[in-house]
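Data first, discussion second: the structure below is written as structure tokens.
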Amino acid sequence: MDAPRVVLGVIGADCHSVGNKILDAFFSEAGFHVVNLGVMVSQDEFLDAAVESDAGAILVSSLYGHGLIDCEGLRQKAVERGLDRILLYAGGNLVVGKTAFEEVERKFKAMGFDRVFPPQVDLAAVAELLRKDLRSRKN
Amino acid sequence: MTSNRLDWKDFLAQRRAVLDAWPTGRDVADIEDGLRYQRTIPEDKNFAKVMSRAKASGRTLIQPRAGVALIDDHIRLLRYLETEGTADLLPTTIDAYTRQNRYEEAARGIEKSMTAGTSLLNGFPAVNHGRDGCRKVTEAVRKPVQVRHGTPDARLLAEISLAGGFTSYEGGGISYNIPYAKKVEIGECLRNWQYVDRLAGYYEENGLAVNREPFGPLTGTLVPPFISHTIAILEGLLALEQGVKSLTLGYGQGGNVLQDLAALASLRELADAYFREAGFEDYDLTLVFHQWMGGFPEDEAQAFSVIATGAFVAAAARVEKTIVKSPHEAMGIPTKEANAAGLKATRQVLSMMADQRICADNAVIEREKDLIRREVGALMSAVRTASGDDLVQGIVRAFAGGLLDVPFAPSVFNRGKVLPVRDNEGYIRLFAKGSLPLGDDITSFHKERLQERSKAEGRPVTFQMVTDDIYAISKGKLIGRPK
Amino acid sequence: MTSNRLDWKDFLAQRRAVLDAWPTGRDVADIEDGLRYQRTIPEDKNFAKVMSRAKASGRTLIQPRAGVALIDDHIRLLRYLETEGTADLLPTTIDAYTRQNRYEEAARGIEKSMTAGTSLLNGFPAVNHGRDGCRKVTEAVRKPVQVRHGTPDARLLAEISLAGGFTSYEGGGISYNIPYAKKVEIGECLRNWQYVDRLAGYYEENGLAVNREPFGPLTGTLVPPFISHTIAILEGLLALEQGVKSLTLGYGQGGNVLQDLAALASLRELADAYFREAGFEDYDLTLVFHQWMGGFPEDEAQAFSVIATGAFVAAAARVEKTIVKSPHEAMGIPTKEANAAGLKATRQVLSMMADQRICADNAVIEREKDLIRREVGALMSAVRTASGDDLVQGIVRAFAGGLLDVPFAPSVFNRGKVLPVRDNEGYIRLFAKGSLPLGDDITSFHKERLQERSKAEGRPVTFQMVTDDIYAISKGKLIGRPK
Amino acid sequence: MDAPRVVLGVIGADCHSVGNKILDAFFSEAGFHVVNLGVMVSQDEFLDAAVESDAGAILVSSLYGHGLIDCEGLRQKAVERGLDRILLYAGGNLVVGKTAFEEVERKFKAMGFDRVFPPQVDLAAVAELLRKDLRSRKN
């Protein structure tokens, strides 16, 4: 069986590259095929890569605070590009300022993200969820 | 050695294009206007003068990071930090769109912030607010204000903010590119920063002191002192070439106290030595120490302790300035209260330690200083060889060849082959040296120290160990040991 | 040297009267019952064993102070501190009425707390709750629990709490009298503490390790190390005489890092030397370092920094245990959250410093250690001369003659003529030595150091300077300089 | 003119002696005649001393948290002893736990104290108030 394919990147004008390198190493190690776009990735670049690689999920990072502005409309664009069933995950310091995570989660789910994660998330648990979500999308 | 000073005619020609990039550029078209305005600024609001005084008196000044989208909110924030927070020096942190010269997006951020009633930008969009917006800010406070950003092409921002009354400007052609950008060509970036330095130098020629501060910590993540030192010294040389006089070099806390003390002592000594060797004499060198720049613990009590250990080193090293973190660091841009809390915590440690002399005459510090001296020497001479008589070209070639390489940086022009890791006492050492031109004596020292840790932990040195170290402080440890 | 061990028959006779003082005394009438119960306690809940293990592994354990009026609330509090706060060792701080044997008032405090729904007592009234109340507490948690109090006559409390499953007991005949009481006669108090030590010794004879910890910091306010060291060593000798084996001596942070490191190193060395000289060999000595025991800053961020500097010293000195303050210290008994915050902040510093060796081979530390050794030597030999073959009598005479004298203490049996003050680097020195039997070499060293400060501040050393120093840390400084 | 007389002490079973020594030194220096009872002073001892010395004010300290319990009834007892016009000041860490000062003040004023002070109070300002209050009581 092929390794499940995911696209990874840090959205917008965000340069935080450390977490991105760790996520790449972690998900690769965990058996995913990771297409890592690095930092400063536009919505279009995410979607292009997802189309090209036939990925099942896009893992969006945003650390620098502009997550709300940068992620707005990504779900709609994905649908327009025919990526109806693609999973959208978001993680990092998604909004400006220390904010209750529930509120952040609500906002990002309202924008069409399937799952939202705080910076301290346990990556093993994420890999678990991702595998599960990918399987159920397949059916 | 001032042979590479940007020609004034070329500068002025370039200037027109720079100011055309956004409508607010027009307001600073008259370069003399900025000089006239800066002449009205009193001495104790001049960053360069205040840093210089701190050096003379042996005091360590404290400065936060802070910036929000709207002018009035930003003023309220800075005022709070200078009164409640007792900040000695104020910042104006620029938002990330402005840093990428995306002024339209910044404009949208301003609008959205106005309707949201809260800042949706992660900093102050100084270009959009223009010269008069900046003057409103710098006039509203009692302390000197510095622009802190991370902008590869920072020419317009420099023009507007210097004319706007800021008396210090952070950044440099390497330190504001490699950690902050992905696809900015190094030579181009360095030349744009020569413009910034030339502008600062022009103010100096006209008797107006402008402080310049290369960004020391780079990616803030386990950067070995010699790498950031070499880059700081190179950026210092480039700035001096353009006529900069007040220079503050920086270093970010590594976490091992003795290594940090050795790093700070050697940064001062080495910079002076290289500057003098290059023929510069008439400059004023000061140091800034950044409290831990890597991932912070989420818990605020733990964050306070990371802040305090940084303050402790700043005090012991007697640096002129320390940049302060807040207990919100791991979570998001701090509220003004959290920011002031970081300042007050830092002030407490600095005051309590002010009259103490700890770690003097320490043999380990001498060992580490000597190591750093040899490491920086190796890199500097490689860059020099690559340079011929053009330092800019030398730096471009050095990055291309991996003679300079910043760990974990996003830039595609950085090789990214160097991997740091902590040794068994928490010193930051090299696990993978990439193509760094280090001699065998140096690399075998690093290797030995890492073997010690490997043995103690019963596991080989791998990328997992590096990852564990990256997480360590945020999880309450210095060293990312297994289990 | 065990000649002064309390005769067992006398002990038992005294015991009847002790247990009669309050109804709950009856429940512990069978002394064997306590032994049987203690035998059921697992090793990793035995305070003495856990301290001993910390010594072997070079770890520093953390312990808060905490106690509230009602059993269930107290259990909830301790559980929170061991889980959320990650405390290694737990306390049960006793309320101030119980400390004065005012059990009726404690009873009223319990009632009022029940109706108020919150603790109106500043600690846990263990005598009123009795043996079974104590067992409920010690059984409900996973970590060893210690009784922390300040009780001049602590015999009934000791009987009830040891039978109640506590495995460590703080205090001593000097350290729980002079700073904690006004009119308690010293000889009487020492004899009552011989009873407590004899009880602990009895447990030891029966194979049950009970940790004993004299209260090191005394009044917590600028106490020069040699004064608290001498008292700690004397209380150690008294405890060993009665058969105590597990002994933890304490010292409270003074604020000058090198003096504190010298103090901790010399406490261990001197105690061992005096104990061995007195013929004791079979004991287990460990150290506890108290984070700053004087007035704290009201601001919580500043308080966190005081906590962190204390943690820093604890780490550098590698003591077995540190007692942790909270960010609420200046204001009132901490909430459980504030208490846990102090623990977490401390843990962060300890972990970050765990593998570092700073301030090793420091000449100043050696100078201070030598000074402390000579100072303690002077006091110890004066007490010895006053003692003949009865240490208790010697101590009584020494206080009466001012050969022992604790600064700022409330006891009328303490001369109160000694006044400490900081020197120009923040070392705690003597401004007025009262009748302390110190040689000229020592006093002239103190005087010189103070002259340095006097000159630097342009004012004479007076009580005003002492007052300024008392306030200093709470106002964000170490040294109370003018202006 | 005679120095105004005040009684000073720490109430209850409270042993905190450092602040007491400073208060004694400060008010003496500031021109008051201070009758300092030290620590662990009972209500009766305070009142006895006030009667004996014909003091205009009693300055009660409580640091250890039992202030509410220890101070209850002091005003009534003072009235019973004929000290109708005596000033009662309280200061220190008056209750158990960090508490809004307004609340502490309210409680102590309800118990008949004239003025209540937090630990960080500026003593010079207190001396000022005390002098004023003593003068107005005289009339």
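Just so it is clear, A, B, C and D label the chains in written order, and each chain counts residues from 1 on its own.
Methods note: a residue touches a chain if its C-beta (ideal position, glycine included) is under 8 Å from a C-beta of that chain, and two chains touch if they have at least 3 such contacts.
From a predicted model like this one, the values you see are computed outputs, not experimental measurements.
A.B. asks: Smallest number of touch links from chain B to reach chain D?
C.D. replies: 2
A.B. asks: Take the average of all CA coordinates in chain C, do the same for chain D, and state the distance between these two points in whole angstrom.
C.D. replies: That pair's centroid distance is 30 Å.
A.B. asks: Express in whole angstrom the distance between the two chain centres, defined as the mean CA positions of chain A and chain D.
C.D. replies: Inter-chain centre distance comes to 65 Å.
A.B. asks: What whole-number Å value describes the gap between the mean CA coordinates of chain A and chain C?
C.D. replies: 54
A.B. asks: On chain B, where are the residues touching two or more other chains?
C.D. replies: In chain B, no residue touches at least two other chains, as defined above.
A.B. asks: Residue numbers in chain A touching 2 or more other chains?
C.D. replies: Residues: none.
A.B. asks: Kindly provide every pair of chains that touch.
C.D. replies: Result of the pairwise touch check is A-B, B-C, C-D.
A.B. asks: Could you list, by residue number, the parts of chain D that touch chain C in their complex?
C.D. replies: 12-18, 20-22, 25-26, 38-40, 64-66, 68-69, 93, 95-99, 119-120
A.B. asks: State the interface residues of chain C toward chain D in the complex, per the touch definition above.
C.D. replies: These residues of chain C touch chain D: 96-97, 99-100, 102, 105, 108-109, 112, 118-122, 150, 179-183, 219, 221, 294-295, 298, 328, 330-335, 338, 408-410, 463, 467, 470, 474.
A.B. asks: Spell out the residues on chain C that touch chain B in their complex, using ranges where they run on.
C.D. replies: 255-258, 297, 299-302, 304-309, 311-312, 327, 340-349, 351-364, 424-426, 473, 476-479
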